[in-house]
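This is the structure I have questions about; it appears just below.
For reference, chains read A, B, C, D, E, F, G and H in written order, and residue numbers begin at 1 within each chain.
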Amino acid sequence: MSDEQQILFAGFGGQGILSMGKFLTYAAMGVGKNVSWLPAYGAEMRGGTANCLVTIAEGEIFSPLTENPGAAIILNRPSLDRFESKIKPNGTLVMNTSLIDRPPVRQDLRIFQMPVNRIADEQGSSKLANMILLGACIQKMNIVALEQTLGLFELIFAGKKPGVIDKNRKAFLFGVEYAQNNW
Amino acid sequence: MRVVAQRPQSLTSARTHYCPGCTHGIIHRLVAECIDELGLREKAIGICPVGCAVLAYDYFNFDMLEAAHGRAPAIATGIKRILPDACVLTYQGDGDLASIGMAEIVHASARSEKITVIFVNNAVYGMTGGQMAPTTLLGQVTTTSPYGRKKEETGFPIRMAELLATNEGSAYISRVAVNTPANVIKAKKSIKKALQTQMNGLGFSMVEVLSTCPTNWGMAPLEALEWLEQNMIPYYPLGEFKVKEA
Amino acid sequence: MARGRVIFIEEECKGCELCIHFCPKDILGLDKSRINSSGYHPVTNLRPDNCTGCGICALMCPDLVIRVERE
Amino acid sequence: MDRVLMKGNEALAEGALIAGCVAFFGYPITPSSEIAEYMARKFPVLGGTFVQAESELAAINMVYGGAATGARVMTASSGPGISLKSEGISFIAEAELPCLIVNISRGGPGLGGIQPAQSDYWQATRGGGHGDFHTVVLAPSSVQEMMDFAIAGYDLADKYRTPVMIMAEGTLGQMMEPVSLRSKVTEFIEKPWAIGGCKGRLPNIVNTLHLSPEFLEYRNKVLTEKYELIKNREQKAETFMAEDADLVVVAFGLMSRIVKKAIMDVRNQGYKVGLIRPITLWPFPADEVSRAAEYARLFLSIEISMGQMIDDVRLAVKGRAPVEFYGRIGLIPSPEEIARQIVAVAQKEGL
Amino acid sequence: MDRVLMKGNEALAEGALIAGCVAFFGYPITPSSEIAEYMARKFPVLGGTFVQAESELAAINMVYGGAATGARVMTASSGPGISLKSEGISFIAEAELPCLIVNISRGGPGLGGIQPAQSDYWQATRGGGHGDFHTVVLAPSSVQEMMDFAIAGYDLADKYRTPVMIMAEGTLGQMMEPVSLRSKVTEFIEKPWAIGGCKGRLPNIVNTLHLSPEFLEYRNKVLTEKYELIKNREQKAETFMAEDADLVVVAFGLMSRIVKKAIMDVRNQGYKVGLIRPITLWPFPADEVSRAAEYARLFLSIEISMGQMIDDVRLAVKGRAPVEFYGRIGLIPSPEEIARQIVAVAQKEGL
Amino acid sequence: MRVVAQRPQSLTSARTHYCPGCTHGIIHRLVAECIDELGLREKAIGICPVGCAVLAYDYFNFDMLEAAHGRAPAIATGIKRILPDACVLTYQGDGDLASIGMAEIVHASARSEKITVIFVNNAVYGMTGGQMAPTTLLGQVTTTSPYGRKKEETGFPIRMAELLATNEGSAYISRVAVNTPANVIKAKKSIKKALQTQMNGLGFSMVEVLSTCPTNWGMAPLEALEWLEQNMIPYYPLGEFKVKEA
Amino acid sequence: MARGRVIFIEEECKGCELCIHFCPKDILGLDKSRINSSGYHPVTNLRPDNCTGCGICALMCPDLVIRVERE
Amino acid sequence: MSDEQQILFAGFGGQGILSMGKFLTYAAMGVGKNVSWLPAYGAEMRGGTANCLVTIAEGEIFSPLTENPGAAIILNRPSLDRFESKIKPNGTLVMNTSLIDRPPVRQDLRIFQMPVNRIADEQGSSKLANMILLGACIQKMNIVALEQTLGLFELIFAGKKPGVIDKNRKAFLFGVEYAQNNW
């Protein structure tokens, strides 16, 4: 249980928060870990906020939820205001500066920033902003190995058109690259 | 300069939770404008459905009650019978009114309850994530008709306006749409007429409003308006189906 | 000189483009350079002078973003 | 003749009128229909609203709307009809609207029969709807009480802003006894929360939707505190020869009267038996039963069911004495039968 | 990959299919809708019936009809929808028709919220309908169990000719975990009572009306005996570090897993705490709890409600130890919060 | 001598509990004769209502199910979907079908369920002692309209056949009466046609049968037949309202 | 000589008189001298010879009391 | 309680069983007694059997029902079969011989017989058979005094047309006379 990692994804509905979490969950399961994916559901629909919590562990997962996630990937201001204080001491905070107009308050955190919307717009793939950020995160946080993850794309997007998968991989890799250069 | 368009008094200043381009917002405004123009705000009692308009009690600026799913017409009956001078209106979606609430709406109409029903037909269950409605069109894909609605399994979409028009208790029944400026203007006229029918004690009144659900139709707001025009209006003809004169 | 004027409550705009599509003068557009706190590019008037104050944009706006004035 | 011979159902309806009930919304069902029929005769004359709803579902929602205006309104039904009302009752409880709901009960489950039963006890006191809520439940035992509890029920409903249920065996609704008419209730409390047009005030909203978990929890705490208050204040029971009893019978409604006659009989045979008769089924008179558990050596729950109230008796006795059960369904056992049962149990337990 | 990542709702639906479910009748409601949507996708491909009913009322009556043919059928809903089914459930229980009813539960009362809750416990275990009846109620705690209990539920339903309910917090329906798919159920018991045309036999009748009090009572006795049998045979609970516990927590569903994590934590702090997790909510594992009452000094019922299961814990403990309560609504408390509560209670009671 | 009239095989030998002259008995016989003549007895599954016909399971000599009040069409749906070859029929009164069961009947029709509904309209609640039904005529005295049904309070009687005919899912809808030998013969033809509609898979079929309730109308059986002729038929015209051909 | 014959299951008759009213030959009536165990005066054929066996009485009998035979 | 009297009325639906009981109840209440009237309801409708139990006492009435009524007024055979054995030892049995084709079994009872239907038919008032029998019973059984009862007619039939009341009184008195001559 000590090895258990819990990562929170939070932002607007429509920013692809839940699928970011799902992708990570699939990836972790793909490499043989125990996983759980816990969404905040329903009420948060309709332009409200969306968030999900991913738990990854070697052993049995008792609790798929927690007060204090080890890492938080935050895509908008309201979510930062709500969750910053909750992150584990010395945890990780990834923030989308396109929609967050204030610096973090916490001093103990590892912090990574990216103007996700702007970059995605520049890449002409606003819809894939979440994949870009995800790529960056996976590159930086050692949850699942990058190579393995890339190997799982076909599996995770099973049923989707190849074109779609490629677009996603491209966005993902762009994120990886961004992290290498900027984080 | 004079103001030609602004927020009606019968709406609060609350920002709605509706998706971008959802025409629930337009319909809310039309109802509020009619209430204002008829000077009924202080007599008005609105009943919201369970559906995307469930939060309408935060948006309409008069007494409101939040109903159990489909039961708004029964609740309206309970209120109107005790407060005959009030202006009692229900705002219901197609799942709320045409599915679970079928018995209540048919009987409110049969009893000729002096209430006004705003029936928002968007051919889908919006709030719960896009399931099939009794008004979903044949062939239309929803989360519970994933291969398109088939008549062999689900029969045919119900035309509520036509069905309720068979009741002698119905005093005013119409169908309008809010997909173009012209239709929006017509819709407003019809809603006003329905409210007047109630206040004149003529009987049950309902306006069926064809509306969009960009989110669950999986379309951009403008596409949705186009889809409504191309697909809904042909099956759900616009017009007045029952007009009882004073 | 404009016969009409439109004022937007940008924070309330959801960028649905209904007003844009129906404006007979075709003078409205989304301001891609800005994002409101709900994450939408708000609408803006690209050619204020051409506004006739016809009110159609407000008529079609689901979110009461637009206040229209006319001479 | 100051006393009038009335059917229990009619006395209840008249009691509601005396209490200022202005509207009845209901759907006919045996053995409750006389309540609706009485109102259908009276309201057109007195002024007031009688609506035969299309269903119990519609009826309870008409009550929801009517009660929201602050008026005293009611509905009446039986078993299956009460089940259909359960969603609505849950809404009314959360909206905190005062109203009167009557269950002239019959045997279940399913369509069952139309003969008397008390087998809706669980449904009435807990679980008759989704979520954490209760309704105050009163159980009359005579035609006079049918009238009096209707009046008292409305007062409790207004005082605590809660739906109040009157539950009586079908027989009690159908039988006739003389009743002394009560004088018309003329004083009512203010209901500033009621809807009726926002002239001169901000709009009122009646709502049970709470999307934010925090607020939902807050609302549940508010209700729970109210229920605690009612539990502390409104438990009501009648005792009969219980002071010195070795064996305490717990029974409610018309059943409790039969037990009284049986007790007179077994007392003559030398058994020290007494009765605690819950008048409020919710809140259950746990304190009274708990007191009795200090001295009684045995409890016997007698119900016209397969055993439901016995849970509450056991929860109150807390293992201090054995709690036995005797039950029938579809008929009210005679005093003779009850006497035999009491003696049998007493002997078995060596009293 | 033998393990598939699935939402709890989907796993439950898949489990039903594995068990041979041939028809789903339901009306959408959050957080249960994915079950209907899964069936809507699968049945047209697999062959089988998906009907989106006009209401929960219609749905449960379609189940009534479907189950009467002897086929394995189901419905799924949540709080308000279950209330609307309560009349039908009472009918199905009395008609003794096997079927699966799912409550992916949310907070009430009224419309409440769509966030997780366990506040339909009373409704599920008693009182969720008129008359004397019970449904077997299973409470899964993982996505895997969502699948497995659907399969087990059908077996219990057929074996005892009773409706079986699966009750899970909304969160459990919405979350994803890996599940190992089970192999298709291929053996089913005969159902000579089923209706389907009287070719070569006398007509079968499915009925719940019993106008004669004697027969109504007979039917109630038959049901009661069946329920006693189920109570004796089918109580099911999981225990976790309960053997030596001074403080025994009772919790079910997903909640029980959070408690486990909390227990690991407080055990490290030196508190001897254990868990009894009811798997069958009805019949409640009273024997297991009663056994624990022999040695445990304190019980703590933790529920996502204002306190409902605690009645059953108390009825089982019979006053041998204090029974405390901790509850939330609309959200599942975190392990950290539960650990704090356990410590607080333990210290308060001087453990 | 050959037998020209005798008990059909699809009826048991049980003596009915119906009041003297109640035409429920005639309707039972007609249904049974049609089932016999179409050779459907061994495929037939009947669903009785809650109403005076609640005990029909003792009278019809084939598989039967006793429904919850008003829900027969939903139950029939559940059965028919699983046993598509069965002949599924519901027998419902006006309280059962037109009041509490309104939603279920409208949706069974809209879904075009392949079932046959025998709708016995006697303008009153018989079983429960004569309360008003949605089909009670204006002015008619019942225990819940003791001063005669008034449109101001209760609106207007519902014409179910006409209402359901608006649904595209309805394949055969008719209204008949059993007050004269001629009408009884027509009624039987119509019931047979409805059953054939089902077996031919054309969709939803319903026969509304105008029937008497001497007891609650407070009339002798013969008067009741006369009253039906004079009062019911004028408001509830006989005939076929929907006939979908194969 | 009668062309038809009607046989009654008297115990089942409820004396509703429908058959009597509709018999074109007007040959049926209640037997006031007898009461069956349900307390009803049962129907009887007053002029058996005139029965044509048309079956109308059976057609209108709600209680299947009448069996009709014809040459 | 010792003075308590319980009288059972039983027969077909439609024989006016319930109103016989009601009449007696009204009468007893009219003379200041405590009373209760308990019908077997519902199921017994529709040509089935009907019965009601009347309890009359000076003191409070605990139980409106009993296994063993002191007197039974039985109008048809099924009811006799069902209730004869239940009557209190040495109790009273009144039977309608028009619809009862067997003698009573019990030897301990006070028995009164009347061919009620025939007599009523003879009187041309078949609808009032029950009033005839009731008159006879009240004449014979000392529950309420005859004169007082007669005085209560207007009250009991309040709202009914005078004609109706007279008819009923006539039938009632005929019954009284019959009892005097035949019982």
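Assume a residue touches a chain if its C-beta (ideal position, glycine included) is under 8 Å from a C-beta of that chain, and two chains touch if they have at least 3 such contacts.
Only a predicted model underlies this, so the values are computations on that prediction, with no experimental measurement involved.
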For subunit F, the least number of touch steps when starting out from subunit D = 1
Key: Pair with more cross-chain C-beta pairs in contact, given B-D and G-H   = B-D
Remark   = subunit B to subunit F, mean C-alpha position gap in Å, rounds to 34
Task = Compute the distance, rounded to whole Å, between the mean C-alpha positions of subunit E and subunit H.
result = 55
Query = How many Å are there between the centre of subunit F and the centre of subunit G, using C-alpha atoms for each centre?
reply = 26
Request  = Quick one: which residues in subunit B touch 2 or more of the other chains?
outcome  = 18-20, 50, 54, 66, 68, 99-100, 102-103, 106-107, 111, 129, 134, 154
Ask   = Touching two or more other chains, which residues of subunit E qualify?
value = 30, 51, 54-55, 57, 80, 87, 91, 110-111, 113-115, 208-209, 211-213
Query = Can you list the residues of subunit H that touch 2 or more other chains?
reply = 43, 47
Ask   = What residues on subunit A touch subunit C, complex-wise?
value = 12, 14-15, 47, 76-77, 98-99, 117, 121
Query = For the complex, which residues does subunit A have touching subunit E?
reply = 1, 22, 25-26, 29-30, 34-39, 41-43, 61-68, 155
Subunit B contact footprint on subunit C (complex, rising order) = 4-5, 11-12, 14-18, 21-22, 40, 53, 55-56, 58-64, 66-71
Query = What does subunit B use to touch subunit D in their complex?
reply = 41-45, 47, 50, 54-55, 57, 60-68, 71, 74-79, 81-83, 86, 103-104, 106-107, 111
Contact footprint of subunit H on subunit D as seen in their complex = 1, 3, 5, 30-31, 113-115, 170-171, 174-178, 254, 257-258, 260-261, 264, 332, 334-337
